[in-house]
């Protein structure tokens, strides 16, 4: 179990985004409200797009709640696109290369959930990764390997199709090894322009996922809220569990769904695993 | 809030002691059952007496639950006297020198609780430390400074009197600065032969503290329990909250009490702060 | 022994500043050219002034040369004023709170050298720190305590006089305890507008210190040099040992000297310890 | 470039072994005498056989020279068989799972050197690992993958033949990808009873390797030497570069050689890569 947040919109202070809300992502590292595992203290990561095309990546194995450098970075940096993740390891080593988000060129990827029976099918999945991408795999998690599978299935060309193919391949491989319900996931990925988020699980009982509702309405409703102030109307947050206490501010994303956020537009699409 | 455990008795595997019980100390680092703060993920420490007179000390800023080296050490080491502590910082930096137990020559010391208003009175407390001990203070916590105060008040000569004097000094200093109820503590200290544990707070509402009841009775009651097997009759555990599910195995130590464990003998004494 | 760098001028990429030169500060963490100790692998720190008045601070106990997060931060951040430091511990614990630069409000401070006999005189020095500043001391080094002494002697009012008074106090205290030549230092401090750097030692044989010569002349001489490109004429670097191979680019700062850099102006002044 | 040491013989204090000699392995982490890279500050590891059949493993990403826990562990532990390694990364991430020694069941493995062109041939090498061993690979180094190749080629049955087959496979695979001289290595492996060490490189210019000469002769020559005292006549050290200043104490192991140490016997055998 992990928790993550994907922000896009007008430049936001990372401190405002990750520390200030009542149920902020950093607070969720110690005590999250939803989910089986409430402590997400096995490392964290932040990816943010700054002045360069390639996003910055700050990942650490410390719990987010006590990491001084994370606090310092967040106080200084602001960004139009932020991916943040707090980790609860389901067995893989607690090391920087296993912290999300993962980066490939200008792309970021993060995952909440697990590939069941991963040790059993890891080799088969690894073999399906494009040989030229293979040496880029630096860690040992299911989540990173899933990213490289999606890249191998054409993520940079057609995100939804590539994720559908990667999930179908994981499910097929898993079932061949006798694993029921191999995939459990919410994932987010971005090229720096568009964010795609997915909620899916083989058993149809997926980790929670929410997106923020229209910011202007919220600003009118909560004129004193610091998180909302200064955000432009195209600002959007997709997140594992609601931040803050403005529960009306969040809409649950349904099972088997892909949400695509580009500028002020959010498109909700069905998601089904499909062979490549 | 922290959690700690003090073991003495026949040589015990650190793995059996710290990992195996149902509500083991390492498990309490993620989810403790008692206390306000249930996550104790701001570092940990183990002190154990081996073949040398000076105990070994393994302290780390990582959460105990995911520290691989702690697991390895515990698999290899066994000891007749073990102090173990998991930390939930109340504000001091998360750094090795702030992890308990603290060591001075052959002595160990660990603390659960806090000195209230510590930033306000820290300087006055530090001035009361013996000048030759002063440079040994390596961290920044109230707990370590409290240890050096007790040492300055004669801990190595008369433990109960020195702790009583140190507590009285902290309370007097705190009150002079307008701090109500300055002291909240359970502490344990040992010279390698005897363990002293204290439960006390200025407001008379102290952190929980338990000691194990007679091992032989327990072994008879629970013949299949792995933690109990192999322990000799002089084995004793003093601990912040019960390990395992054998609740009959534990007796609460009353408020304002000092318990002294030497060999098979456990002596329960009243504890009152007293000017030196 | 440590190494440090203080930059001020037109906004510079931290990556260009700290990684690109041939003998860059990050490279010096593994192999510095000058000085007794050539490995400075006991942590590092970067302080940089961004959009807020309070500078950001990124400090870690890892060797700078292999710290991935430092590399990432430097790739994203640029600043008009950067303090960077790599540490070779002379005995104090390797912990974040012992890494330079140290920060107090908007001020930064870093030090290369040592206070000799520090354990002997630490308590006397600590007592001279203003009581309201005392609880801000978080680490255990001579360098941080020296900073708080200078603050206590009025650093924020008159930098040169405060440092002179702090050095005089350290020397007087040291000599009273029979320590010859108590002070060895190059230090840099800034309020975000002006940088002051000092080179001094009690024995008149101080750690090396250099400042960059006129940038425009250098740019004319080395039109292809990446470090120089894009720097405006008021850009200045003060540094423990020359960066890059443009040795003409650097002037040694004499013994017992203070250099003050404000905008394009660099003023060289004598420095003598003086009682407050 | 790395440095390593393999000890077997009478129980030795890890502190005596790793800290006390003049050019001790821990000292070599900061300044080694031989080799291109003199700083080995990218982590370390110690494997030691204690009371259990499975050896203990203590690995950390910190430089060995400043790791407090290593010092503590070494002060407490003694062992009849110790593997110790200090790392200078040639590119792989600095993380615990990349630190040597690597462990599989009761076996340990450590490596100095590199597989050239590793990113290019990593996938082909990984495919040659037995599927049931594959998920045990936790890190990303050439050294660990080399271990799993050797295991796949039968290390636990016939060590010399399995290493010969693994090296031949790496060389063949490398050359197929146009890599000249793919293998550079000294390695050590043990099952807890026998230690095998190899010195080999494709170009016939291998990293240095030494073994200690007869302990009894040495003890007679250097009656006051602390490292030698208390060692029994079957004690042997194989090491990347001589410890201490007793240069007569060490014999260089020739190129293309395997040395096998079991009890007091050391057997020197030729080593040639050979197809499985």
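For reference, chains read A, B, C and D in written order, and residue numbers begin at 1 within each chain.
Everything that follows uses one rule, which is that a contact is a pair of C-beta atoms (placed from the backbone, for glycine too) under 8 Å apart; a residue touches a chain by one contact, two chains touch by 3 or more.
Just so it is clear, the structure is predicted and the values come from calculations on it, not from any experiment.
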| item | value |
| --- | --- |
| Contacts common to subunit B and subunit C (chain labels) | A, D |
| Same-site or different-site touching of subunit A by its copy subunit C, using the half cut | same |
| Rigid-body rotation angle, subunit D and subunit C, from Cα fit (steps of 5°) | 180 |
| CA centroid of subunit A to CA centroid of subunit B, Å | 40 |
| Multi-chain contact sites of subunit D, meaning residues that touch two or more partners | 68, 93, 96 |
| Parts of subunit D lying in touch with subunit C, wherever the complex brings them together | 30-31, 39, 41-42, 61-63, 65-66, 68, 89, 93-94 |
| Subunit D-touching residues of subunit B, taken from the complex the two chains share | 48, 50-52, 54, 56-60, 68-69, 72-73, 75-78, 96 |
| Subunit D-touching residues of subunit A, taken from the complex the two chains share | 93, 95-97, 118-120, 122-123, 126-127, 131, 134-135, 137-140 |
